[in-house]
Structures are given as C-alpha cells and as structure tokens.
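Chain lettering (A, B, C and D) follows the sequence in which the chains are written, and residue indices restart at 1 in each chain.
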Amino acid sequence: MELGLIGLGRMGGNMRERIRRAGHTVLGYDRNAGLADVHSLKDLVDALAAPRVVWLMVPAGEATRSTIAELAGLLSPGDVVVDGGNSRWTDDETHAAMLAERGIGFVDCGVSGGVWGLENGYALMYGGEAAHVARVQPVFDALKPPGEFGAVHAGRVGAGHFAKMVHNGIEYAMMQAFAEGWELLEAAGPVTDVREVFRSWQQGTVIRSWLLDLAVRALEEDEHLTALRGYAQDSGEGRWTVEAAIEHAVPLPAITASLFARFSSRQDDSPQMKMIAALRNQFGGHAVTSAAPESGGAGSGS
Amino acid sequence: MELGLIGLGRMGGNMRERIRRAGHTVLGYDRNAGLADVHSLKDLVDALAAPRVVWLMVPAGEATRSTIAELAGLLSPGDVVVDGGNSRWTDDETHAAMLAERGIGFVDCGVSGGVWGLENGYALMYGGEAAHVARVQPVFDALKPPGEFGAVHAGRVGAGHFAKMVHNGIEYAMMQAFAEGWELLEAAGPVTDVREVFRSWQQGTVIRSWLLDLAVRALEEDEHLTALRGYAQDSGEGRWTVEAAIEHAVPLPAITASLFARFSSRQDDSPQMKMIAALRNQFGGHAVTSAAPESGGAGSGS
Amino acid sequence: MELGLIGLGRMGGNMRERIRRAGHTVLGYDRNAGLADVHSLKDLVDALAAPRVVWLMVPAGEATRSTIAELAGLLSPGDVVVDGGNSRWTDDETHAAMLAERGIGFVDCGVSGGVWGLENGYALMYGGEAAHVARVQPVFDALKPPGEFGAVHAGRVGAGHFAKMVHNGIEYAMMQAFAEGWELLEAAGPVTDVREVFRSWQQGTVIRSWLLDLAVRALEEDEHLTALRGYAQDSGEGRWTVEAAIEHAVPLPAITASLFARFSSRQDDSPQMKMIAALRNQFGGHAVTSAAPESGGAGSGS
Amino acid sequence: MELGLIGLGRMGGNMRERIRRAGHTVLGYDRNAGLADVHSLKDLVDALAAPRVVWLMVPAGEATRSTIAELAGLLSPGDVVVDGGNSRWTDDETHAAMLAERGIGFVDCGVSGGVWGLENGYALMYGGEAAHVARVQPVFDALKPPGEFGAVHAGRVGAGHFAKMVHNGIEYAMMQAFAEGWELLEAAGPVTDVREVFRSWQQGTVIRSWLLDLAVRALEEDEHLTALRGYAQDSGEGRWTVEAAIEHAVPLPAITASLFARFSSRQDDSPQMKMIAALRNQFGGHAVTSAAPESGGAGSGS
C-alpha cells in the first residue's frame, strides 16, 4: 500500500526504511528538505491517491497539534491520520474529533523499539475505530516484529498512547531496579566482578530481560560507566503515568520514585537539601556555610 | 561425580533430579525420611567417599547454622560444604571460618530458577576460594542452564549470596513495576483489553522479560486475578538488600518502595493510617469513629 | 464593614461568627435555607451596598465555578469576589479574568484552621491585586489569629491557593511522619507506654508542633486508636501539590509517599499486590489461590 | 546532688552548665584536658562519693563501649551509669548486662534540644529499672524544660534510645516535608515572596511547629539559602529507624524517602543515574558520553 509519513528523524527515517522493505510505498515529508521526498504537506497530500493514510512522527504537543490542524484542511473524507508520536493520550480525543468533523479517521499509535526497531521490528499499541485501524493494518504488519506478539489494538482512540505511556512507566521502574542493584553491587559487599554477575544473570534468573541485556552491553563498553554523567532526562510519559495514577487514586510508589530520581539527577544542587542543611544548622548550631562532613558527636541533632 | 545433598524439598528434590540427569551420583538426606536416600547426616557422610562435596538446601538461619555445625564434626579435611540456601551473606563468613578450622572448604551459592529450574536450569551465583569452587564445578555445570551464561563465580565467600540478594532486590522492583502498570491499566483510561496489551508487549518492547511472560501466563489463567488476594510475602533478601544499602548510604527508592508495598499488603488494617485518620478528626472535627468517605466541603482540612 | 458570605457549612458558619464578633456585618447565603440570612444570590447582592465584597466558601470545582459565573451577572464594577474555598489555583486565573471583564475584582484566599479557627483564628494566604486585597483587609484582620503572623498577601491571583496547596502538601508528610513513628513504636521495641512518649515530646524536642499536640489529644481519647479504621481521605491539595511538582520537575518523595499511603488505605484489596502474588505463584510454584503465609524454604523465590 | 559527666563537647558542656545552674555539683571529664575538671576516669570515680551517678556524653559506638568497659572496672556496686549519647538502642542491653554483673545500674537516655537546650531545657527519654532512674531523677529534673512535659521514663533498658531514635526518624520526615514544600514554592507558581509565606504559617496553620520557626530563622538569615550547599549528613538514628521498621515489617515510606534524599545529596555524581543514562543510550541510540539535554523527538525512548 501507499503511506504518507511526516517526520523523518531517527525514528521516522528507520520506520520508512522498514515499511519500504516490506514492499510498501512511502512518501516522506520533513521540515528538513534534505530528508524529504516532497516539499510540503500539500505536496504530500496531492501525491497520495485517496483514500489516503498519513502517519505522523513529529514531536508531541504543539508540533503534532499544528500538523494535524493543517492536515485537516488538506485531506479528504475517508482518509486516515495516524499519530505515531509520543502524544499525551488526552490529546488524541481532541485530534480525533477535529478530524471526524471532516470525515477523516484517526488512529493513535504508541511505538516502542528505539534504534533496534529497524532490524527487530517495533512494538505497536494502537487505538481507534476498527475500520480505521483496518486501513493501517498493512503498515502495522510491516513495522511489528515477526511472530505472534508485538502489536495490539488496545481500544478506542487514546488507548494506544495510554498503553505506551504505561509501558514507559513500567520501563522507568525496571531501569531504576537495575540501576539501584548495580550501584549497590559496586558500592558494597564481597562481589569482585559486578559486570560478570550482570552477564551471568542473562540466563536462568527471574530478572532476565532485554533491559538486562542492554545493561550488559553498556558495561561491556565501559565497565564502571566512568564516561557517563549520572544525569537522566525524562520524556513525558513517566510524568503522565503518575498524573493518570493520581487522578484515579492508584498508588505508584516505584514508578514515581524512578521519575523523581531522574528529576534529582538533573539538579546541580538540591534546593530542598539546602533547606535540610539550614534546619540542621539552626537546631544543631553547625556553622552555616560549611558543607564538610561533621564528626557526629554525642547528643548532636540529626 | 558424587554429591551429598541435604534438604529435598521442592527446590532440593528438583535439583537432585537435574544433577542425576547429568550423570552424577546424588545421595540425598532430608528430615522427612520418605524423601531421603540415607537416614542421618552421619550416614550421608559415611556413604560418600572422601574428599566429599556436600550441598545444603535447607532454610536460612537456624536450620542452616545447626546443620553446618553438625557437618563440621562429621566431615574430614579436604571436604567442601556448599550452602545453596537463601542464607544472609553475612552468615557465610562465620560458616566458612568454622569449617576452615577443620580444613573443610566452604562455597556459598545463590540459586535462582524456581519450579522452572528442573527443565530450564538454575542460575547460580557462587562465592569462595577458587580451589573449593573447582571441586563443585561439575555440579554447577549440571545445574546451570545450557549456554554461555547463568553461572558466575562472583567473588570471595559471601559473594554468591550477596549477588543473589541483589538479584532478588531487583526482582522486587521489577515485579512492582509490572504490578503498578497493570493496576493503572485496569483502573483507568481507554484500554479495553489489558491482558491483550500485556500479551503484545512480549515482543519488540523495552520491557520484554521473563517476568512479563509470567504475568501473561497468570492473566491467561485468571484475566483479572479475581481468585487471588492482594497479599504478598517477602522472604528475606529484599530486606537484606535495603539494609545493605542503608549501611553503605546507597539510596534504593524503588526497591524499598516495593518492599514496603508488600509489608502493607499483609496488614489487615494500617496502624499508621489510623493515626492519619485520628489527626484529620482532630483538626477537622470529623466524627471520631466514622470511616465513611466525606464530601470534601470548602475549607475543610486535608 | 459589610460582607456577603456564600456557603455556611461548618467552615463558613464559624467564619461568619468570628467576623461578626469583630464587629462587622455579615449577610450569609446557603442553599440550605435554614442556615441562610437571604434566600438567593440575587437577594444577597441586592441587600449589600456597593461597592460590595462577597466571600465564597463553597466546594471547589463545579459549585465554585457556577457560583462565580452567576455572581458575574449580578455584581457591579468595583465589587470584589473572594474565593475562600479549596479551589485549585489554576482555576483562579479563569475566575479573575471572567470577573475582570465586568470590572469586578477577585482575590483567592486559602484558609487553614479547621474547627479550631473560630476561637484561635484562621491562617490566611491570599493572592490578587493590592487594591482588591485592601478592600477585604478588615475581614482578613477579623479572621486571622491575633499576633504578628497568620496572614499573608502571597502574590498575584492564584498565589493564595497555591500557598495553601503547598501548606497542605507539607501537612500530609508531617502527618505521615507522626503516623509512621507511632506505628513503629507500637509494633516494636522496648517502649512500654507509647502515649506517654508522645506526650513528653510536646516540650523541648525538635518535633514539637501543633500536629503532635493533636496526636496526643487523639491518644488521650483512644490510647491505641482501636475505634478507628486505617482509612484516610485526601481532599485535592495533596494531589495538586504532586502534579505541580511533576510539572516543574521538582522531586517530592515524602509528600508523594504520604499521598500514596492514603490511596492504599482506601483499597479493600490491592490489585497491584494481586499481581505480585500472581508472579510469585508463577515462578515459585505456589498454589495459585492460596493467600496463606508460606514457610519460606531454601531456594524458593521471593 | 553530685554527678560525674564524661564528654564536655558542645552538648556535654552546655548540659554541665544547666545542671550546675540547678544547684547540683558536676565533675566533668573530657579527653581534652582544657575542658575537664579531672584528668582521668579514675580521678573522676575517686572524686565522687559512692553511690555514684556517672553520665556519658561521648560518641556512640566504640567510644561509648570502651568508656563503659573502663567504668565497669572502676565503679562500685550501687553506682549508676547513664548513657546520654546517641547509642543504638540494641547496644544498651549489652552495656546494662556488663555493668549488672558488677552490681552497677544502667540507664539509657535520649537527649534532644541541640544548642537551644541550655536555655530552654532538653527533652529527655530514658529507659531502665525504676530504682536506677530514681537515682538520676534530680539531674533529669534539672535538664528538662520547665512545665509538664519534656521527660519520660519510656520503659526498660533501651527504651530511651529507641524513643529518641523514632523521634529523629519523625524529625527527618518533618524536615523533608518543609524542604520539599519550600523547593516547590521557590520553583513554581505565582507566589512572589516565599519567605513571607513561611513566616505567616507560624500562626493558625496546621503545620505550625518549632521546625517551621527554625526554617523562618534560616530564611531571615539567607532568603534563598544561597550560601548553603544542598548537602545533608545523617547521624545514625534515621538509619536505625528504618532498620527497626524492616525487622518488624512496618512500612515507613516517608521517613525512608527522607533518609534516601540525604544519601543522594552527598553523592557528587549518582552511579545509579549513570546506569539509567547508559540504558537510555543503549535503546535510544543516544551518543554515549553526552550528558546534554536532548530535544525529545517523536518516538524516542524514555
């Protein structure tokens, strides 16, 4: 089939390649003309035969919103738009409604797989009406990994991004689990070769997983991760996961702890810990500006 | 080779079977005479040719301690004792020293694999002197999964149990990650078939793992886990992991949150939440014994 | 001065009384006619001389929104509306803008004090333009506790509710601190009279506080809180505090843990702990439906 | 009465002064001869009339242990030793037993009050046999704050340090509560004068407390705490609180989060966050050594 693909960055570019390898025709647009097959959204729409399927891989938020608004004016009834970016699931209903007014279908699709997706396939979670999903099915089949799993029609519009959001929340806590365990092994105890222990865990253990395999790869490149700073971004889904949980009174202690650990990692100095230091100074009579470890005499504060 | 195996419960019994399938001779002892090949520790030691290897699979703590003490009096210089149970790693040095006084070697070995180990192999993490480990190597080779990984000589005495302890700490947080994600999907949002989403995640995602496969199995048996109570034991290693982290000032927020969630799950009623309720009553003027949800009027406390 | 007061529940009723004791005239309206001085918002507005000050003490959300919308149609340029309820601070700007279109001023005011406020005074945090605040100042002076502190003009519109929201977030974690400490003292250790320890802490300690005094009062009524269920509501501000923190990448581990503890306290059974139990069953071979504590044999899972 | 006081640092020196002001005789010993009244433990014991009371204010752990061992050889049956330092409560029973063999009594006493204790009095929590406590009562009366509260006989030997330990655990979470709230107010929202908000909270609020008063003092000295580093020590009791909770399966999420926040504050770079960064690099294809914030394109990992 024929697909219009908007956004040809690292993810979009690899996805175009995988879809083409499956024998489909992909027409790509990107603001960076060097990557693009056509030079405007209008050219893209004109070049595709109706009924069209147009897939977005652009940054969540304003870029996705404005692109969908522009497409709404260019596409025809019967066309289908797929948002494959990392949009917040609550945006999907707005986008679907805007397009539905003009008879255009909408499918939201969470995509997982990173740089490995080109060769191994991308995990896909999508939401929308069955008829709209059916139109995109050949592309889903091209992108997904071979085998029984890796793609799911998760429910109505928004369900794809919601499922991907929770996937990422789980991922945060799993990454944190390995990170905490690794730090403890490196810091303490009788284990002399932490990397060898991680390597051994890849078979037979309860914690064997793709993330463990990636940890081993990272340790093989840099045994003590000395070349890295302990600085971790977060990309939205973790936050939204916690917000969805709060809205529904679901306790998420491990996922939230993982998110907060990333927040802390990005602070050069912690304002809240300044306040702790200030309070200790006030009741303990510690010198106000000193940050040196103290000797911890009897009866001192805490 | 010939192995004495003490403790023939679910784990020990399966391990005996796997070692035998590899062509070794296993003489088993258990307090339950129906499971045992010999009828006392003394019979076991007498029946094995020196230099002997004796492997314990008995409960951590007193049972392990007293068994090792008794073996110290029965074994000969050059024999090796393996503690394959879930002992706290700090016990290992004591046991090793007690045996070393009589020229008996000691290896601690953390074993992972549960009921799947018989067919798939057990992941093994062991600690001790190279010469002692070498004596046990054929048994390690029989127990471990086929392939490159699944067994590691992690360091000196204690390193095996330490590595297994951290493995289990990581496992706690990974299980908690999936549990939190599943609860959120079931509680909220547009996903209509949570089980199908979990199933799809088994390929192509960042979170694919053996624990995910087990979650899918569990959901296939009971889609909404209605037959289960939200009640989770913990078995020592999680606690020891947090204690080791505290001793070395390593923050473990996700693993600790996972441990505390299990503690809470076992409380019929939460004393600390009684205190929260009592305080809310005191400043808010709520009736003291009522536990009914309130309407949350303007200006009320929190 | 003359004040219109809308909402005469527990909080509003007591506030009317305190304002009257200070010599001001309060005209009250409530949907419950038995509490009210006038029988409609229109009657209230008609009975007050312009320029008016009208203070809302109604539930946050829809009730506040619709009352302000109705007032916008009844009040005159130069009047001022005060929202003294527990509105989310992000609502304040909307309300202020709606009223500003008609020349009506707006002040948001967080009110703390519970049932003790009538006698001791209410802590007030308010936001808005200086000229609008000045109009309400006599009422603020009547409501606040005697002394130097207890009232603050915290900033622009929204600042009052934002400050009150953070106050409540802090309150959550302080309550949780005492609750955790109390549970630990009751559960473990050599302390034989926990209530006496709490009582003693009221002087000379670092943790002396009004919440501690309230805890002592609660323990004096019911030494082991046996008449209470471990069930705690939350009323919005805690959730909003965490959401504001997430939006600004501020880690709030203690406040969030306190919020989640309340969520958990309201679950009859924990779905996430069912999943933990299910996973333990899968790898450990535990009977699927049993929730009985297990004996914890060697080599079992965790 | 007459008291021997060992350890005349900041705490001990001030306590000596307060006890003297109450009309008692204090003979002080310190390794720093410039502070001391006598020049050895033996001189101290010789100079006191039997039956003696000797109070220790020396660092917990080895210093306390060795001092008590030395005293055991110097004191006479009927004497009483008070450990007023920050000993772990589990040490108390050992010390009591060692002294009891020689007919010497033992009282453990947790002391709170910091540099404010000299003027305001010290909060005291003590454990031991009633007869031993009675011997020390005049000193307790001299040290405690005036009024009904501030001192408690908490139970048997160890109860004093256990109660003080839990006090400090509560203190950790209360400090963290204010610290988190302060950081959020400084980071976000419409509040323009955070210090003024803190100041106002000192009356009428639910969170009014001595720690709040201290926070206000700190902000008056340095409005944004710019002179401080976000670096916080911990002094043992917080760790022991969490360990006691783990031993008894009591969940302490807020107190533990507060402890971990201090651990993190002392790390120049976080090893666990290096692992998070490494994993993100592995699946996301990010450049391995770059720590720069990324732009967060569509479909990228998390």
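Please note the rule applied: contacts are C-beta pairs under 8 Å (C-beta built on N, C-alpha and C of every residue); 3 or more make two chains touch, one makes a residue touch a chain.
Protein names from UniProt, one per chain: A, B, C, D = 6-phosphogluconate dehydrogenase.
All values reported here derive from a predicted model rather than from experimental measurement.
Among the remaining chains, those touching chain C as well as chain D are A, B. Centroid distances built from C-alpha atoms place D farthest away from chain A.
In terms of their C-alpha centroids, the spacing between chain B and chain D amounts to 35 Å. Mean C-alpha positions place chain B and chain C at a centre distance of 43 Å.
Across the assembly, chain D contributes residues 112, 114, 168, 171-172, 176, 178, 180, 183, 187, 206, 211, 234, 247, 250-253, 257, 260-261, 264, 272, 283, 301-302 that each touch 2 or more other chains.
Across the interface of their complex, chain C is touched by residues 206, 234, 239, 242-243, 246-247, 249-253, 256-257, 259-261, 263-264, 266, 272, 283, 301 of chain A. By the touch criterion given at the top, residues 7, 9-12, 15, 56-60, 64, 84-86, 111-112, 114-116, 168, 171-172, 175-176, 178-180, 182-183, 186-187, 211, 214-215, 217-219, 221-222, 225, 227-238, 253, 257, 261-262, 264-267, 269-285, 288-289, 291, 293-302 of chain A touch chain D in their complex. On the side of chain A, the complex with chain B involves touching residues 89, 112-114, 117, 120-125, 127, 144-145, 147-159, 162-163, 166-174, 176-178, 180-181, 183-185, 187-193, 196-197, 199-212, 241, 244-245, 247-248, 250-255, 257-258, 260-261.
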